[in-house]
Amino acid sequence: MSNTLLALIVLALGAIGYVIGRQRALKATDGDQRKLHSLPSYYGTNVLLKTMVPAFLLMLVWLLAQPIVVDRSVRAGLQDESVRQDRSVSLVMTDVRRVANGLGIAVEQGVMSRDEARSLDTQSTDVRARLGEAGVALGSDVTPAVLEAAQQYRGLSGTGDIARFALVVALALAGLGWGVRESTPSFRARNSVERGIKSLLILASCIAILTTIGIVLSLVFNTIEFFRIYPARDFFLSTTWSPSFGGGSELGILPLLWGTLYISLIALLVAVPIGLFAAVYLSEYASKRVRSVAKPAIEILAGIPTIVYGLFALLTIGPLLLRVFGDDTVGWMDGGTAVMTAGLAMGIMLIPFVSSLSDDVINAVPQAMRDGSYGLGATQSETIKQVILPAALPGIVGAILLAASRAIGETMIVVLGAGAAARLSLNPFEAMTTVTAKIVSQLTGDADFSSAEALVAFALGMTLFVVTLGLNVLALYIVRKYREQYE
Amino acid sequence: QSRENVQIAGSSTVLPYATIVAEAFGENTDFPTPVVESGGSSTGLSRFCEGVGEGTIDVANASRAIRDGEVETCASNGVEEIIEVRIGYDGIVFASQQSGPEFTAFEPSDWYQALAANLPQDGEMASNPNSNWSDVNGDLPDVEISAFIPGTRHGTREVFEENVLLAGCEETGAYDAMVNDMGMSEDDAEAACMEVRTDGASVDIDGDYTETLARLESNPDGVGVFGLAFYENNTDTLKVATMSGVQPSTETIASGEYPVSRPLFFYIKKAHIGVIPGLKEYAQFFMADEIAGPDGPLSNYGLVSLPEGELDEVQQRIENETTMDSQS
Amino acid sequence: MYDADHNRTENRVGQTDIKISAKDVQVYYGTNHAIKDVSVDIQDKTVTAFIGPSGCGKSTFLRCINRMNDTIDIARMEGLIEIDGENIYDKRVDPVQLRAKVGMVFQKPNPFPKSIYDNVAYGPKIHGLAKNKAELDEIVETALRRGAIWDEVKDRLDAPGTGLSGGQQQRLCIARAVATEPEVLLMDEPCSALDPIATSQVEELIDELKQNYSVVIVTHSMQQAARVSQKTAFFHLGNLVEYDDTEKIFTNPQDSRTESYITGRIG
Amino acid sequence: MYDADHNRTENRVGQTDIKISAKDVQVYYGTNHAIKDVSVDIQDKTVTAFIGPSGCGKSTFLRCINRMNDTIDIARMEGLIEIDGENIYDKRVDPVQLRAKVGMVFQKPNPFPKSIYDNVAYGPKIHGLAKNKAELDEIVETALRRGAIWDEVKDRLDAPGTGLSGGQQQRLCIARAVATEPEVLLMDEPCSALDPIATSQVEELIDELKQNYSVVIVTHSMQQAARVSQKTAFFHLGNLVEYDDTEKIFTNPQDSRTESYITGRIG
Amino acid sequence: MTDATAGATPAVDPGRKSKSIITTDDNTRRRNRAEKRFQYYGIAAIGVGVFFLLALTFSILRSGLPAFTETAVSLEINLSQEQFDEAESKLLKTGAYEQLFVQALQQQLNAEGEGDVEVEEDAVGRIMGNVGSEIREFYLANQDQLGAPVTFNVPASSRVDRYLNGGLSRESLAESKFLTPEDLDIVDRLVEAGTLTNVIDWDFITGTDSGVDNPGGAGLGASVIGSFFMMLVVLVLSLPIGVAASIYLEEFAPQNKLTDFIEVNISNLAAVPSIVYGILGLAVFIQFAGLPQSAPLVGGLVLTLMTLPTIIISTRASLKSVPPSIRSAALGVGASKMQSVFHHVLPLAMPGILTGTIIGLAQALGETAPLLLIGMVGYVARGYPDGIVSGLMDPNSAMPAQIYTWAARSDPAFYEKAWGGIIILLVFLLAMNALAIILRRKFERRW
């Protein structure tokens, strides 16, 4: 509640700052904005940013830190006496927080007065029952120590809340003052604002790095643990994948990697040509009406849950392929689940990834390029193939990379469509499986979570991460080399 | 903020029963409906063992007993007191399409001979020559072997390997042949008994029983391994085969006649009792006679409930909050 | 190859075969009536200049002749244009073949984002004018020479065409257009970004082209029109005001507007 | 607002304040040395013409003056350019402010894919030149008038700027550039697509601008250079061959290359 | 030149007949055929896409539409205070109410029946779905109705529903313990009497999940809300962050090793299996930051991280495709880089950005795996949140998670529910995309 209020106050101060900053700058030049370095709105925005950004940052940090600090000090008080023999401090703290919260709710609902909440003791009151009246359920009766700690908790939090409120508002005001003082005609407000925005942009791109670090960190420890109990050599070089419970599993990643690449390849062989042709048709040939219907329609394919594709692969594509390539005809295929089955279903799913994005970039190629080609007597398809697609190449590569990534990361279709067999084979009509599918199954299975069979999921994840990283570096390198010719 | 609800995670085999209980618990008590996550026994236990406190789960469902290594990890993370609750048994049945070939009776030996990677032949291990069920046993239909068995991530697989494959291996004398004639160590022989062929006759299913069912749907000659509850819910599309002459049912499993079954569990963090409202009540509710007893909704759904005495003992254990180490 | 025929064809300049014949052409951009009722006969083996103030519809009319207006959504054309007696808006006409026959140099140079070589080789390749790489190389070289840009780019044929200076791009586009050997060449201000020398080289090219082909050139330079063209058409506000022998237009215009324009009084 | 100062400043034409001073400027495109060692002082309130054959580096040098070369990845500049005594490549210099001060009309017209009005209003808007809509309208109208295009577009200010004819686009870009009231205006062949009348209107504009500002114009027309400029610089193969009073360059060039060029012998 | 070229193109001679444009020559015919082929490939590609869309839609609709109806029993019962008190004293109160209802129905059947065959209570129990909680809820809220007749409309068992829909035959029930062929006679009687009717199952659209033995009570409503809050988080975070990151990388970042590293990283993040994001989310948001489990906020954050690469990659691709002349034009009138990007480049790149957003959100909306680890898959029947904060923080499920759990349940009725859920998911998706698609149309232009 008070946080919402605080946020609103800061927002209001920001708005006020905007107006003042703008006015002050304008006033200094008697309303002639031409004499200002920047547009008046930049002066306003400058003040607004200076008012709001530090204040919100402080508020955020404080909100994160206060519970920790309060926790720490209440905890210190509990340490000696009251930690029940069989309870860790953290659980007692859970109780303390629950009671403290309960008191808060009770006060809010008028079940208890503020003083009462402060002076309550376990002898004279059944705290559990009183809190029950306010709809706060407690797991057990409240001990005096816990109640006391809860009251202390409430006190500290209350003080913290007030201090936060005051400091945040003060900081906002300070920022406002600073910004307003700066708002002189010669102040480079635009540069200042743009610097601020640029920092925000940089911050946004850092999130990608943070995510990467997070992923690596969340995988790496268990991966190390895995390699401690399972030889890395076997993991990377063995061509057999056969986990079992009794120990003695063989956990070679090669067949899984092979399956991943094979299935992704087939999916891309389906999705890229179909997607590109669809994109080309939509952007170059189709009438506006057809385009406005077909494009979003195809995009639905990306939104159909993958389990549907999995079932579609299993129940429709598999039997169909079996009829064509099965024992009755050429005998390449033994069962309905195969690399081909999953690859086809996945390919369908990936069509919109390629088509929609490529359509947008193709559409963005300037008309002058087309005119130039038509003017030479090129047919539309020649123009597309030789002028437009090369011009749109960077974007198309991006789209294909996205589709490839999605193919590598897909699980459900593989589980249902490809069969679960980990094998190294060239025949696309055989069952295989992928790294991702095995990550999911090893992670969510029945194996002992500290065993190699479960930990291998992390090693698989880590390896896949490194492998795709390598592939991406390669892709970047190729694109760069290719692109340099053009720009 | 403090957590209001009981938080449960773990086995997908226990999940159905847990949902029945959770729904009833929410409807019949003043506590909020517990949250039951699926994700597998292993995930559930690993989260269970992350530590104590509100941010961790209170109960882990498991379709197998917790392992020593896991207990150690738990302990090292401060989860020292665990209450083990055995809720009943899960029967494992062999079923095929209602309209498919006549699979009506199996012996463990049939399965062993059909699925083993290698069979002893003239004092040597040779790769399994059987391609049709009738090659294995003349009474079985003459259709290609196509079995859908639980993948290695499933606890069911372990039961299948031990109670069916290994049993069949011993029944046919293959085990003895390996140990005595070929001079294999007992461990090696056991491993050889349980090694499943990879030429496509047997398909590992990593997903749920619905996936096995879907596989059968696209392959009418297939035979699949299911949980009893699943089969009972799908008698319109599946027909079940006897194993060693015994028809699977809650009664034959409870009595121990039917050979393939496994116990199901959930584990409670004792430290959370009294901290998380409703935790103990949930466990009590779960194992109450009206729920987990032979006439309760769980049994009605397909859980093989605990025999009378055992149920009492479990109820007692919950009541007294008896932890695992204190019972042993 | 043009040179070879030079002598034989020289004498036929001035003949009056009609190559392109437009009748009552109207062009609308949405509701904007950009070309009003234009009828004109353009002769073979002749250079025809289109002059007129900016925005009067020269480019628009030019684009009608090889149906480049088709690519502008909002453009709508009415009337009849015949080339060699064939209605180019006939259903059976393949605009691709038309455009191969009627080449075009656009007002704004628009090199492809490809190498200089590929820019020029593109047309010959799609029309199958070269049997092999060596022949193609030759075609490219010849075209670049005729576009008066060979010397500047011969060492950087692999560099992107978009990295050239404005005038170089313009000449590249001219080279690109002549490389496909069109029968009619439409040039929309081909020398606007060229220095006098390059301009005169292009003018020479035009002169050479007219031995065999018909060239239509849009220009804002009266001098240029007078220098290179045999016929001149003066457009004003979408109307074809006057069309006659160049000499006549520049010495004795019939319409007062024409006179005003060439003497620099209306724009 | 320029007109207001017209009379007062008239008499000061011909003064020799140095506005832009370039010393030893080198520009490389990758390994291509496009500008070699160019030093030149450009005076205030003067029109300076850059002439030279196509591809000699005029545009490149022009783009150095307002640091538009910064946007070309492979372009690298060395040397010193000062405007009003301040090194424009100094770290503290804000290229944005520089470009607001040094306006530019590009060789290839590049209107924004927005309405004509917005094309012109964009600069004044971001520089805060108008207090309100009415003022902005006025600025736009004035700019379009000065760009000699007002009459043609006044009825279609909401139409997209990209739907104009080539010459109209060019004038729109001129209007857009003058709308921001730069102190220096760099014009890269501003009249290349214009008819004589429009050209003379733009030349008038240039004449008017020089009362207060400094104008640099690239042109291929010797006549135009002679007409509008007071100073002329002749570039050749990346070198500044000669820089002097226009009159002198055209009547008595010092360098033989200059002479060859203006008499039409080298290109 | 002359010599060299004369041989090259002998076709040109002064008196040559100029080519007709109406009669096509061989070369053009060949090229036109290629053109036609190319165009047909395009049409075929679209056709393939649309065909699969239709095929999938058809199978989804066929399997899912029955989920929207249910077979309901309407019955008037009269509960006394004593019966109420007794039921309330039980541990399994809902069971007691159910029994009362079943008894009432049994009585009615026997009363109006021919009298010769007694209908067993068990048989009636098998016909009914789980009805106890509905009845209990009603009487807890309306105790004044005790002792007065009240008509209830409650679901019959899922098998009865399937039988009446033609999904079950008598023969197939031979082995079933949940419904016997004989029970169907009673069902037929009830249908004739109008006690059993087919009605729209509003609970399915608005309700929460139910236990596995109660398919009639299962609903998707709460998880729609869960998904809504998740998507809200995803949209609010991933679009601005993704666009901001792309702008920085594409327009401002110096070309150096670091930005290359970031670029490669982002493409790589797109290839990280979604369950790994779940692992990350569990570690960072739940264990480290202490956010609650099963909360849509956490789900949204995880999906945001997962969606970011998609949005960044597509945004960068479309920023790249904006021609440089636009940037020069803006810089040339003295716009700052920031202004040129925000005023000119970004609007032109908008279609691509929106496409990336549509695809990214579609992917996020249908994703289950990462939710597995942060507690949103399973049984999370917590009903509706009462505000934004509670919507974000209270445990909830999400549509794909709910569908996934249903699809794994034994009772085939849940399989139907899963497909029905997919229909709702797609409707939600379409609604979500509609705005983006309209916006995209507005921004699309060619120049």
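The letters A, B, C, D and E name the chains in turn, as written, and every chain counts its residues from 1.
By our rule, a contact is a pair of C-beta atoms (placed from the backbone, for glycine too) under 8 Å apart; a residue touches a chain by one contact, two chains touch by 3 or more.
The chain lineup, named per UniProt: A = Phosphate transport system permease protein; C, D = Phosphate transporter ATP-binding protein; E = Phosphate transport system permease protein PstA.
Since this is a predicted model, take the numbers as computed values, not measurements.
Chains that touch both chain B and chain D are the following: A, E. Here the chain at the heart of the structure, going by C-alpha means, is A.
Of the two chain pairs considered here, C-E and B-E, the higher C-beta contact count falls to B-E. In this assembly, the C-alpha centroid of chain A lies 19 Å from the C-alpha centroid of chain E. We define each chain's centre as the mean of its Cα atoms; on that basis chain A and chain B are separated by 35 Å.
Separating the centre of chain C from that of chain D, both taken as means of CA atoms, is a distance of 29 Å.
Between chain D and chain E, the centres computed from C-alpha atoms are 58 Å apart. Under the contact definition stated at the top, the residues of chain B that touch 2 or more other chains are 1, 12, 39, 43, 207. Shared contact sites, meaning residues of chain C that touch two or more other chains, fall at 96-98, 100-101, 108, 126-127.
Contact of a single residue of chain E with at least two other chains is seen at positions 31-32, 35, 282, 336, 348, 372, 407, 447. Counting only pairs that meet the touch rule, the chains in contact are A-B, A-C, A-D, A-E, B-E, C-D, C-E, D-E.
Contact residues of chain A toward chain E in the complex are 190, 194, 197-198, 200-205, 207-209, 211-212, 214-215, 217-219, 273-278, 280-282, 284-286, 292, 294, 296-309, 312, 316, 348, 351-353, 355-357, 359-361, 363-367, 379-382, 384-385, 392, 394-396, 398-399, 401-402, 404-406, 408-409, 411-412, 435-436, 439-440, 443-444, 458, 461, 464-465, 468-469, 471-473, 475-476. Those residues of chain E whose C-beta lies close enough to touch chain D in the complex are 255, 324-337, 339, 343-344, 348, 445, 447.
Considering their complex, residues 90-95, 132-133, 136, 168-169, 172-178, 209-214, 282, 286-287, 290, 292-294, 372-373, 375-382, 393, 395, 405, 407-412, 415 of chain E touch chain B. On chain B, the positions that touch chain A within their shared complex are 1-2, 4, 11-12, 30-31, 39-43, 45-46, 49, 51-54, 62-64, 67, 69-70, 72-73, 78, 81, 146, 151-158, 161, 190-191, 194, 198, 200, 203-207, 211, 214-215, 217-219, 270-279.
Against chain B, the residues of chain A that register as touching in their complex are 86-88, 90-91, 93-95, 97-98, 101, 137-140, 242-246, 248-249, 311, 314-315, 318-319, 334-337, 415-416, 419-421, 423, 430-431, 437, 441-451, 453-454.
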